[in-house]
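In the two assemblies presented below, chain A is common to both, partnered first by chain B and then by chain C.
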Partner chain A sequence: MTTKRKATKKSAKPRSTRAAMSVAISKSKPVKERVAALAEVPLAVCESDKDLQATLNVLRDQDEPIEVRLASLQSLQAASFSVIAFESCRADYIATLRKVATDPNPELRQRVLGILAREKDGFAQKKLLEGLQNPTKALVPPEKALQLLSYDIHSEAYSVARKVVENPPNEDAKREALRLLAADAKSAPLFEKLLRDKNENAEIRQISAAALQALKPEKLQSNARDILLDDSDYDDIRATSLTALTQFGDAEAVAKDETLKKHVGKMSEKGGAKVKRSARQFMSKYGR
Partner chain B sequence: MNVELQINNSTSTRARFVSWVPSPCRIRITNPSGAASSHNMNIKLSSVSAASGGEVVFRKGTTGAFASTITLSVPINGTSVPFFVAGRFGRPSANNGDVKIEARLGNALVGSIKLMVRVRKNANNLTTGERDRLVAAFAQLNNQGAGRFADFRDMHTNVSSPQAHGAPGFLPWHRAYLIDLERELQNIDPSVALPYWRFDQASPNIFTLDFFGVSNTLGTVQFSPTNPLQFWRTDGVPGINRRPFFATNTAPPGLRTEAQTLALGNAYPAFRTMEGNPHGSAHVSFGGYISSIPTAARDPLFFLLHCNVDRLWAKWQRQFSRFDPAVAASFDGAANPIGHNLPDTMWPWNGITTPPRPPTAPGGALASSPCVSAPGPQPRVRDSLDYQGVINSVSSMGFDYDDVPFA
Partner chain C sequence: MTELESNNSLSEDEFASLITDLAERPAERHQLIELLHEDHPIYDQRGAATIVRMRGWILHTLSKDQIKDDELIFVLEELDTGIDPYLVAAAAKALRSYPNPKRTFAPFVVHALANIRYRDEPVSFSEYGGYGDETTILQELLATLEWLGESARSVLPELQALVSQPAGLSKKLLNRIEKIVRSLEPVNDSTESCCLRLRDRFTWEPRSRKSCTEIESVLFEDQNHELTTFAEFFKGQPSIVVFFYTRCDNPLKCSLTITKLGRIQRILVQNGFASRVNTAAITYDPEFDSPERIRGYGENRGLLPGPRHRLLRARDGIDSVRKHFKLGVNFIESLVNRHRIEVYILDAQGQVASSFQRIHWDEQEVVNAAIELLDESKQVQDPNSQIGHRKSAFGNTFGLLASIGFAFFPKCPICWAAYLSMFGIAGLGQIPYSPWLQPLLATVMLINLGSVWLRARATERMISFYLASAGAIAIISSKFSESLKATALLGIVLTLAGSMLSTFSGRRQQKELTSH
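Entry: the complex of A and B
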């Protein structure tokens, strides 16, 4: 028992790169050990083409356990942060990611498409749009595709997102479509409508407030004021409205608005916990 | 009788911040009325802390032990007398002005000044006030995508990446980057210091609705309606994508611990392999913005992650006395790409936009500080090593870590 404890205790001195890589690519070793070995030495792939190719092989190989494949992906990703050292690996890495983007494993597909989308990779963007337009070709759920397309928004993505908002396959997809549209000035009226709709869920209204604040700040300010003066509206959106006015409001206009200040003063004493907290922050900025 | 106390040799309220590093201060008699002597008066300085506040210690010169009180002989004619103040290690402030220096002549209070022992702390242990001030400052800096934060986002992209990664300048560049950002946060709220995410320890308090948010299954980060980060916006897109591959009430698996990182070697070339693990590994313990270089800086958590990377370097520097650029083991003396050699200036602060530097230099010069002059507006790689002014006191950069002492 004592021997086992000693063997599993974390050593302060890491093992050599060679020793770690040999465990990482050995199919005869337990999955847990291989995953740990891959995490240990991400920069090994930059130092040896043999190690790079071995790690890419693990990632590509559908017969490998998925845990090991995901660990090899993470190790390559970590290495990619050492840009200069990783430069010579980059072409093989991206080519492998494109190949794995259509892998049968959904988690691996999602992670790989995420990496490619963050690199604004045209191949990934095309696949994501195709999947939204034709669900039989979808590599990831619509909400994930919309999220990944937001890394590099094109007009084509806006039109797809608008369709999703009009006819959402689920609430998550609607939410992600709205996030994407929050960069589209033409969508300001949509966000104003959603913000004022008490039947919408709190998160959709929160997103709408943030979008409107950026697209048309004066509209958000007037709508936030109306929401705060309406005691029948929900605490969450009232707290969001207070936070918007406190942090980003037109300070001069708010400071002169005695009706609003009087009302918020009451909220700081009588509202729910979130409203009280944000009302107090508002009052500490704008005074009574 | 009255005295004037100057912190960091300045009368500005914005200079009333100290860390573990001795700050140069001065005292002078501004109103001698009632003085019993026509020459010098013995003025005693002491530290008075608010509840849970910071504490400072004193010494007369650039060397010697610090004491909790000091008595200075101050000329009646108004000539100032220098002394040094430092935060007592282990007693940082939680709020601006929560420690006071009192000057007494006998029992009579003749002057006082409130200041803050401002150091970088473990983000998991911040008070509610510290947390709220930090997120508010970040939100203001971002200003829904229209603020100065956009420059920091633009400094860390695929195009600029070779200036900052994969070579010895990795740690110096990111140190300058953090100082620049922290000073901009302090321009919004001077009580803010950038905290660190200790990624080798469970940090459940960071991943909450009121702080850096809670990720849903898709990786979209959700915030409390009272959290101003709900208005975070980068590249025209609201919100933050961050999908943790670990339970956020635990530490990510597979990362080198602090002890393992500090044991990488006593020379810089060995130590800087930490760029892979734990640094790169910490980034990719998530999906979303933070997991790829071109998008990492869109997530404010990035700066807490890098603050911990910098803290590890600071700890390593302290452990092996690696502050002096003239000592070979403090850096990597091989011929390195531009921006990665000790004498090189660092982009973007140098404003150079001709190849092999990137074509634009967002943000201009590095932000100045009312407390210290280093590392200067256009820092070189070598300027980033002696962050506490151990080798040369003017090199002190005005930041410290709660668990890395000065001496």
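Entry: the complex of A and C
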């Protein structure tokens, strides 16, 4: 009973940052304890240069258990959210991330490249592009590289993404390449083609519809109308087309389009549940 | 076509070798400067990060030798508007290679410090494209502040504010700033005589302006989907034109430009010029920037759209507009990969009369430049008026004759008769002695001097003014003493030289600007 009470008392009292930090960087402590200690220190990481360097050392050291390295990364990442307080630590942090970006551990590599890519870091972009152009140098899978490159519309990823769409290594990569190209005005014809291709999978066609809405909304409207008038097209994409016209359509033009309204009127009575629901929303906006 | 223009498909390694090669040939330094122009073909179809590496390496290479006056604008531009650590660090380093520190530089360095301090990053100049950690952007900026020494006095309040509220600055950097502040605190008179005049504004005289015929029919769509051609909107009255694009990720460029255009519109309204001067913001990225996007972008930044104040996108692409204005922009696919800040003032014929480039411009100065063109429009509309250099040449000649007249003006009626008999023109003996003519000639001489000063200031060649001033002083002194009588002749020669130089330097600058 007494022991239990002591234990409760002990756990209730938070340990000092110094104590947590000494556990976090001690190789002799169990992994779980170190991970827990690192979770406690984010705000203190940048308080002293010694603590910062110790945490960065843990992240860099390939002999450290990966769980501890990932925890130190998380701790540093959390600290970096306090932009002003982190000012003096940022340069060392970024330098360490660039070193760890080529680490043998794929999870750590991917996370680090993700952080750098969000900073629009030139080093990370260069590595990701190299990997897409030459898979033997790839640090992350192609779909991940494309996703990370899409954080910066000014990266050189459009031409690489187009090549991936033409000759995709896998479906995920094609999907990410299309998402990236959704910011490229010159890709509008590609999206139009994919949207009308009944042999494409529904997700690719929906991505194409969303991209067209961003790039050429008038093209989406005309294509959505054609899709709705084509009874042989799939329910998923017809529901997407209905939503596009209901939410973003040229209200005046759609309201005057009797052929379309008559067709959608029929869809609201027969067809899949999703199509019926979308058709009813369309009709409630544009009337019969 | 230069060596570099034919090499726009160079790999980055080849580019680095070429830069090293050019740096070894001092006679080819101008090619390095050419490469700093955003519209250079070498930047076509490259990503923004690649361009940062390329430009940073050029700045670093330039800094190995001394930075020259005409190269400074590229360095200061980066400190003024740059947000990429590598480029700003390269600019800070390059500035230190200028022969001596100038007061003009200090605000740029402090501005860069404020812009970039929360984006500190390791940078390396040991090899092309290197991402090592030999220095950081903040260290480079502080090194430049230290190099400025006494010339940084004007930014002492900003540095003191930084010391009093250091936020997250490291102790090491803070110590360096404190040391700089301490060195500036004892008030010493600066011995620096004058500041630098940056070449961020260009002006074209009416006769040397490029015709806009080639883009008169270019069709624009405004924020409300309304269509207008270049000629319809820009001809008839002066215009202020800025360029931007909504996806620009540098808040110190497009976003700030549009915000400042909003301020310009307010100044025009306050001064009653809103209906007499057009304003337009034209997007570099017309494929993506739909009317809705540009409208939202303008509204969010305080623009006041109206029939004479519009946000525009070129319906058939930006190419013809880009070519006509020689825009400082380049693209990857349809997206801008790099651009400069640029504002153009168009005359009532839609021709570019002046432009402000690279460095942040002052709203009132831009408005003044447009208002000056309103007077010019009146002259153009009046068929009896003489425009441009004819008027100026007439003014100079008249002023010169007035100076001669003043120098030899007789003091009394007897002298007047003596002059006439000396020239043997007895027939003119009927001309009455007119003492009122002397102050009139003196006034015209001073007006001529003023006109030479204005032209000298505009051309940045003050020698003509100094000569004309010396001439005027010599002529006036000759009036006070008989012994100084001979100086009148010297005065006339100096005035003649000053006036002639003023006229020719004005024309020479027009030619330079036209070729630019």
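Here, the second predicted complex is superposed on the first by the 270 of 288 C-alpha atoms of A that agree within 3 Å, B and C clash if a C-alpha of one lies under 4 Å from a C-alpha of the other, contacts with A are read in each partner's own complex, and residues count from 1 in each chain.
Definition applied: contacts are C-beta pairs under 8 Å (C-beta built on N, C-alpha and C of every residue); 3 or more make two chains touch, one makes a residue touch a chain.
If you're wondering where the values come from, they're calculated on a predicted model, not measured in any experiment.
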item: Which superposed partner A:211 touches (first chain B, second chain C, both, neither); value: first
item: Contacts of A:36 with chain B and chain C, given as first, second, both or neither; value: first
item: Touched partner set for A:144, first chain B, second chain C, both or neither; value: first
item: Between chain B and chain C, more extensive residue contact with chain A; value: B
item: First, second, both or neither for A:236, with chain B first and chain C second; value: first
item: Which superposed partner A:227 touches (first chain B, second chain C, both, neither); value: neither
item: Touching partner for A:91 - first (chain B), second (chain C), both, neither; value: second
item: Contacts of A:277 with chain B and chain C, given as first, second, both or neither; value: first
item: Chain B versus chain C as contact partner of A:83, first or second or both or neither; value: both
item: Partner chain(s) touched by A:176 [first = chain B, second = chain C, both, neither]; value: first
item: Chain A positions touched by chain B in one structure and by chain C in the second; value: 46, 83-87, 120, 153, 183
item: List of chain C residues in touch with chain A within their complex; value: 46-50, 52-53, 86, 117-122, 129, 131, 133, 136-138, 167-171, 173, 247, 249, 285, 287-288, 290, 332-337
item: Residues of chain A that touch chain C when the two form their complex; value: 46, 49, 83-92, 94-95, 98, 120, 122-123, 125-126, 152-159, 183-186, 215, 217
item: Chain B partner contacts - residues on chain A that touch it in the complex; value: 10-14, 35-36, 39-43, 46, 71, 74, 77-87, 110-111, 114-115, 118-120, 143-144, 147, 150-151, 153, 172, 175-176, 179-180, 182-183, 202-203, 206-207, 209-211, 213-214, 235-240, 242-244, 246-248, 274, 277-278, 281
item: Chain B to chain A touching residues, read off their complex; value: 136, 139-140, 143-146, 158, 161-162, 165-167, 170, 216, 218-220, 222, 224-228, 230-231, 233, 235-239, 241, 245, 253-257, 259-260, 263-264, 273, 275-277, 279-281, 283-285, 287-289, 291-295, 337
